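You will see two complexes here that share subunit A, one where it goes with subunit B and one where it goes with subunit C.
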Partner chain A sequence: MILVEDLTYWYAPGTPLAVKALDGVSFSLAEGKFMVLAGGTGSGKTTLAQHLNGLLLPSSGRVQVGGRDTREEAFRRQLWRTVGLLWQYPERQFFEETVYREVAFALRNLGADEEYIRERVAWALRAVGLNPAEVLDLSPFALSGGMRRRVALASVLVYRPRVLVLDEPTAGLDPASREHILGLLKKLQEEEGHTVILITHRMEEAARLADWVVVLSRGRVCLQGTPREVFQNPAALKEAGLHLPFPCRLMHRLREEGLAAGTAVLTLEEAEAELERLRTRGRQH
Partner chain B sequence: MCEAQISLRGVSFVFNPGTSRERAALRDISGEIYRGEFLAIIGPNGAGKSTLARHLNALLLPTRGEVLVEGLSTADPANWWEIRRRVGMVLQNPDEQLVAPVVEEDVAFGPENLGLAPAEIRRRVDWALEVTGLAELRLRPPHLLSGGQKQRAALAGVLAMKPSCLVLDEPTAMLDPAGKEEVLQAVLRLHREEGLTVVLITHHMEEAALADRIWVLHGGRLALAGNPQEIFARREALREMGLGLPGPAELAWRLRSRGWTLPEGIVSFEELVAGLKKVLS
Partner chain C sequence: MAGSINFGQFVPGTSFLHRLDPRTKIFCCAGLVLASLLADRPAGFALVSLVLLLALRLGQVGWRLLLSFLRPFALILLLSFVLQAFLTPGEKWLAVGPLALTREGLYLGGTVLWRLLHIAAFGSLLTLTTSPVRLTAGLESILKPLARLGVPVCDVATMITLALRFVPTLLEEAQEIVRAQQCRGAVFGRGGPVTRLRSLVSVLVPLFAGAFRRAEDLATAMEIRCYRGGANRTRMRELRYAARDGAALACTLAVLGAILCWRWWY
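Now for the complex of A and B:
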């Protein structure tokens, strides 16, 4: 579905301010998969995200979505409908007077008829866990932070992009709102076949959700693989400014303490199981 | 640690009172913030955390009730200047707080406005840059700093006013793990070594676990108050409010309910490791 090959991108090329934001980035992602794109501040995550829906074009290398190159002009103009991008802190870009108008914006631009739009808006709001009847006529600015973020997500879901790219969609949200949004993304991927690319530096989220993890550091891919593969390499993660997920970090630590803990542990449930195994074995000795 | 530095007495706050958009944000909050303590305030989005923070330095005034900062009431405009000097505020987004073309000028901005002698300004700026670990970056323009460095620069600017209390409103929300760690360590050092009172608003239970005490806000009310052990023993109550436990406390709870004999009150990573070692070795 997504193919990125040897992608290099310069900001302000040919000037004294030129910065190489991406440097030889390659990865591919099959349709319907969940990818986590991780890395510290300034690692190039957001620049890469902007290549996936054609907002930026490679200085060299290429980006393909569904087999077509983002450099094709006609394809790029339509690309936003295939690749929905949710910006960081998207609610800061709200400008409509009601939740309905905010969520309906993209469909209205497409000239869809009003009845269809109503239906889609209601669906999108329900999908993000909001009751359309309660929120449709409210000002988006009257909502709490968690609800605003859900409205922003609904305004992308409403036109059903097959690929969802989300730039830290849970930043600044409380644990319950975070869980809700992550659960929704996983559901859209598993049940509706969406391809999801989640940008985050919370490795707990990568561990639980991702089929594939790409870690960027200073514009380069420093690690990629399944979560289990990536988290076997704490040194490289640390180098990229990231931590191991808590359950995995715990197992590494117990090993250092001389216990025979397996470190291929991603979630709390797996940690429980591994600790249970250690305890049972201890009893048998 | 028993002297109240900031007292809240029956504080309620209503946005847009008397209009159709009226909304109660704080409901009858009473409590003390003690001199030299580290207080974390947690709560779901919309619970009133930021609204409460803005009451601590008179950016907002209670609709009912009273806020006293070292005995000065925020209701009296004559006190505002002094209250805002004593209670320094750091916001979520450092870009909203940095104004000058280079770091040290930014840090000097506050003390210059206090009308201090140049030598005193110099002393304060040097100290603030030193304690936030920015001495070497003093001549950098803020836009060339990393997120963590920017937030530390915003912190240094507040410190140069020599506040006795720091209020930080989700200062790490926009930072990556390395930046989070930098800012947290700087805040902890100021608390431990300079004796500053710290009020930290956060969504990260792991950060709250580092505090002396925690307030949990829910629906504008002070729902729970206690030390981290007490607060994180209330798993069900927290879950009902949309909050959770720090990872180590959650895992300890799950293991205990599987019949493990782990001590109560495990909150930190190190406490969990110690508890597990006892059972497993």
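Now for the complex of A and C:
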């Protein structure tokens, strides 16, 4: 579905402020998969996200979505409908008077008819856990932070992009809202076959959700693989400014203490099973 | 649009222009802008253009950088040139319907284009090579005599600096919002007037909301740090004229003098 090959991107090329934001980034992602794009601040995550729906074009290398190059002029204009990008702090882009009009914006731009729009808006709001009857006529500026973020997500879901790219969608949210949004993304991927790319620096989220993890550090891919593979390499993760999820960190720590703990654990349940195994084995000796 | 440097941005450096006293740069900039406006013959144009080339060299500012600064003005510049060229009465060269390209128009249009380009270029050079802090210090020092007339010089200088400081920030933010709305299918620069207006609103509302939020944050941040404008503020680096400032001022005066002489005595 998505193919990124040797992607390099310069900001302000040819000026004294030129910065190489991405440097030879390559990865591919099959349709219907869940990818986590991780990295510390300034690692190029957001720049990469903007390449995926053609907002930015590679300085060199290429980006393909569904087999077509994002450089194709005609394709690029349609690309936003295939790849829905949820911006960082998306609620800052609100401008309409009501939640209904805000969520409907994309469909209006597509020229859909009003009845269809109403139906889709109600669906999208319900999907993000809001009651359409309650919020439709409110001003988006009158909502709480968590609700605003959900409305912003609904305004992307509403036109059903096959690929969802979300730039830290849970930044600054309370745990309940965070859980809801992450759960929703996993559900969209598993039940509706969306391809999801989640940008985050919380490795717990990667452990729980991802089929594939790409870790960026200073514009380069420093690690990629399944979560289990990526978490085998705590040193490289630390180098990228990230840390292991708690269960995995615990196992690595036990290993340092000389126990034969398996480090390929992602969840607390797996960690518990591994501890149980260690305990029974210890008793046998 | 993305990935370029915006108008009003400061680019740190150690060139001759960067090291000049900000007051010198403000005076020179004003003098050269005046010279651009008053130049009225090929020799004058050539002289001012030469000074601009020299200044670019001394500020280590490349052509491409300057052009990326001037790009936002391209439409206005082109429009003014075309209007002048076609609407000035005189010797007809090329007729397009009821309009005619005239020799006088071409000359006038060219002159105006040349002037606007040079004014924008000198202004850009000032902000490119002067940090906002030094620019305020310079303005404040220049405006100091007005304090006797009851003008709150320090506040005015701070206001001007803040305004200049936020030009690139706001431009950047506008670009980001444009891209964010494009993600939701907004179309810019195409379609009928209603579509265009709606697209514009979708950028202006978040932009203003962001500007107010920023202004409020800035005011709070300044207050927390006990900022007080007024006569008793001291600076970490006091301004001091050096020999190079004298040279720069002398050059500017010479150019301005030459232009004035040409205009009024010959």
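Structural remarks
We adopt the following convention: the second predicted complex is superposed on the first by the 282 of 285 C-alpha atoms of A that agree within 3 Å, B and C clash if a C-alpha of one lies under 4 Å from a C-alpha of the other, contacts with A are read in each partner's own complex, and residues count from 1 in each chain.
Everything below uses one rule, namely that a contact is a pair of C-beta atoms (placed from the backbone, for glycine too) under 8 Å apart; a residue touches a chain by one contact, two chains touch by 3 or more.
Not measured: the values here are computed from a predicted model.
Contact with neither subunit B nor subunit C is seen for A:G193 once the two complexes are overlaid on the shared chain. Of the two partner chains, neither subunit B nor subunit C is touched by A:G262. In the superposed pair of complexes, A:G241 makes contact with subunit B only, with no contact to subunit C.
Of the two partner chains, subunit C is the only one that A:L55 touches; subunit B does not reach it. Of the two partner chains placed by superposition, only subunit B is touched by A:R253; subunit C is not.
By the touch criterion stated above, A:G282 is placed in contact with subunit B alone, subunit C being left untouched. Of the two partner chains, neither subunit B nor subunit C is touched by A:G183. Counting the residues of subunit A that each partner touches, subunit B and subunit C differ, and the larger count belongs to B.
By the document's definition of touching, of the two partners only subunit B reaches A:G172; subunit C does not.
Of all residues in subunit C, only 2-5, 9, 11-13, 62, 64-65, 68, 176-177, 179-187, 201-206, 209-210 touch subunit A in the complex they form. Remark: subunit A residues 10-17, 50, 53, 55-56, 80-81, 84-85, 87, 90, 92-95, 105-106, 109-110, 141, 155-156, 159 touch subunit C in the complex. Taken together, the subunit A residues at the contact with subunit B in this complex read 39-42, 142, 144-147, 171-177, 201, 204, 241-243, 246-247, 249-250, 253-254, 257-259, 268, 271-272, 275-276, 278-279, 282. Taken together, the subunit B residues at the contact with subunit A in this complex read 21, 23, 43-46, 92, 146-148, 170, 173-179, 203, 205, 242-244, 247-248, 250-251, 254-255, 258, 260, 269, 272-273, 276-277, 279-281.
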